[in-house]
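By written order: A, B and C. Residues from 1 in each chain.
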Amino acid sequence: MEAVTFAAVQTQTPDFWEYVIAGYAFATVLIGGFVIRLVRRGRNLARQVPPDKRRWL
Amino acid sequence: MLADALIVVAKDLRIEWRSRVGIDQLVPFALVVLVLFAFALDSQQTVLAEATPGLLWVTILLALVLCVQRIFVTESAPGLTDQLRLSGLDPAGIFLGKALGVFIQLLALEVLTVFGAAILYSTRFGSVGSIALMVCAALVASVGLAAAGALYGALLLGVRGRETLLPLLLLPVVAPVLIGATSAFQAALGTGDVTSVQGWRWVGLLAVFAVAYVTAGIFAFGPLLEDT
Amino acid sequence: MTSIDTGLRAAPKTVDAPTPAPIGTGSRGSRILGVITLALTGLGVLYGLVISPPDANQSNAARLLYIHVPSAIVAYVAFGVTAFASIMVLWKKTETWDLIAASSAEIGIVFTMVCLATGMLWGRPIWGVFWTWDARLTTTALLLVLFVGYVALRRALAGNPNRAKWCAIAGIFAAIDVPIVHESTTWWVTLHQGQTVRLLGESQIGGTMLFSLLIMMVAGMCGYVWMLIIRFRVAFLAERVDETAFDAAIAERRSEAEKSRAVPTIATSEAQ
């Protein structure tokens, strides 16, 4: 009985993991999506530009 | 520079007066917004009385967008910017003229909306000191609004979709004016917990905004008008 | 028939093979930086989610700050770079600064959104609300709207020869507004006495936690520089594509004009 109430108390103390996961997921999706779109757009554009005009440092 | 400003403002206000758009459309628009706020908030007038300063200034900001669009409509026909540039007027003078035109229209609208609010929202005005605070805040705020409005109006001349871009660009920029003017009016009308000393501090912030945007406009208008 | 077909298919390969031009927007430098960023981010996430202990007051919610604080700093740096580059556009009048300003503004918007989202997700368990009218929050939100407007202006001005100058002026106006917005919101909040906000509560930030935060900050800055390089190259390529499309269109019109002019000259010569 005591063990059960102790367990109940333990689950009640918030650990906020859902917020943490949501935050990290949001950041990953947003920044990752931006980067993937950026690289794809770059490849697509690079195909249309003659090679002598795309020499990077 | 000032003489050029007067030429521009006289021209704009003459056009404005002859077209009657300001009187026929702008003033009714401001009154409609005031009535809409009353519908949205409360018919018991307690909330309305509390919120009066904020509602007044939101109305003014919305009217500002229309004002700026109006005053640059005359310039937006193709080739007219070139004529403005070739007219030999000082660009800073053109800016000041445009800003002055917006300023005068805004002041007229402010007087009207304050009277409108006094009737519709039963606003009670305080002492002479608080009325002086209101007048000063309105004057200084209008200078800032008119300067920022004239700048963005000129920036968006001939841009596709400028009707929707102007509010998007202008309204966030004038957000400090909304905060400052609303707080100063709260101090004057005693609706918030803002004291009148704090109210005068807000007028100071409004003055900083006005000086910043008038200066920016005087320097930026030349490069803004000239073609590359 | 079949021999022509294979010949056509093979042709681009043989043309492409000897040119060592980059396939995309990557270069050796950017790739090294990208790998460093990924490694640091991986390490930072490992530290942030696993190794660092939960905070005494905020429990695991403090782990959100390892993303929140670095993204805020990167966002402010990005907008600062936009403002600086805008001034340089008016001064030097070069395409490079214009494209830097545009690229940095876009990256700043992404990081501001991350910053606001993680801030809200942190605020919900700690303050009880997603949003509070705190000065810093309000300023950041207005900053986001200001630069969204800037990017919208850039898009509306696509193809306009005055775009660089006008956008630079708009960028500078927006930057002028930031300190005024900050001051006004600070006063506004202190007057209305909202919730008093302490970013890290009462707890002292411990060694491991500080280290996690530092790693994520370095990762964020590396990521920003990497994105700026790539975004700049994309913008550069987009300009070149526009140019070549324009040149091609002009060449086409010119050849059409040549053709139409060629017919009457033949006719007149025959008449004579």
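Basically, contacts are C-beta pairs under 8 Å (C-beta built on N, C-alpha and C of every residue); 3 or more make two chains touch, one makes a residue touch a chain.
Worth saying up front: this structure is predicted, and the values here are computed from it rather than measured.
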Chain whose Cα centroid lies at the greatest distance from that of chain B: A
Chain ID, smallest distance between chain and overall C-alpha centroids: C
Chain A and chain C, separation of their C-alpha mean positions in angstrom: 16
Mean-CA-position distance for chain B and chain A (Å): 43
Rounded Å distance between chain B and chain C, as computed from the means of their C-alpha atoms: 33
Residues of chain B defined as touching chain C within the complex: 148, 151-152, 155-156, 159-162, 165, 168-169, 172-173, 175-176, 179-180, 183, 192-194, 198, 201-202, 205, 208-209, 212-213, 216, 220, 223-224, 227-228
Chain A - residues contacting chain C, complex: 13-17, 19-20, 22-24, 26-27, 30-31, 34-35, 38-39, 41-43, 45-46, 48-57
For the chain C and chain B complex, residues of the former touching the latter: 90, 142, 145-146, 148-150, 152-153, 156-157, 160-162, 164-166, 169-170, 172-174, 176-177, 180-181, 183-185, 187-188, 191-193
Contact footprint of chain A on chain C as seen in their complex: 19, 21-27, 29-30, 45, 49, 54, 58-61, 63-64, 67-68, 71, 107, 110-111, 113-114, 117-118, 121-122, 124-125, 223, 227, 230-231, 233-234, 236-238, 240-241, 244
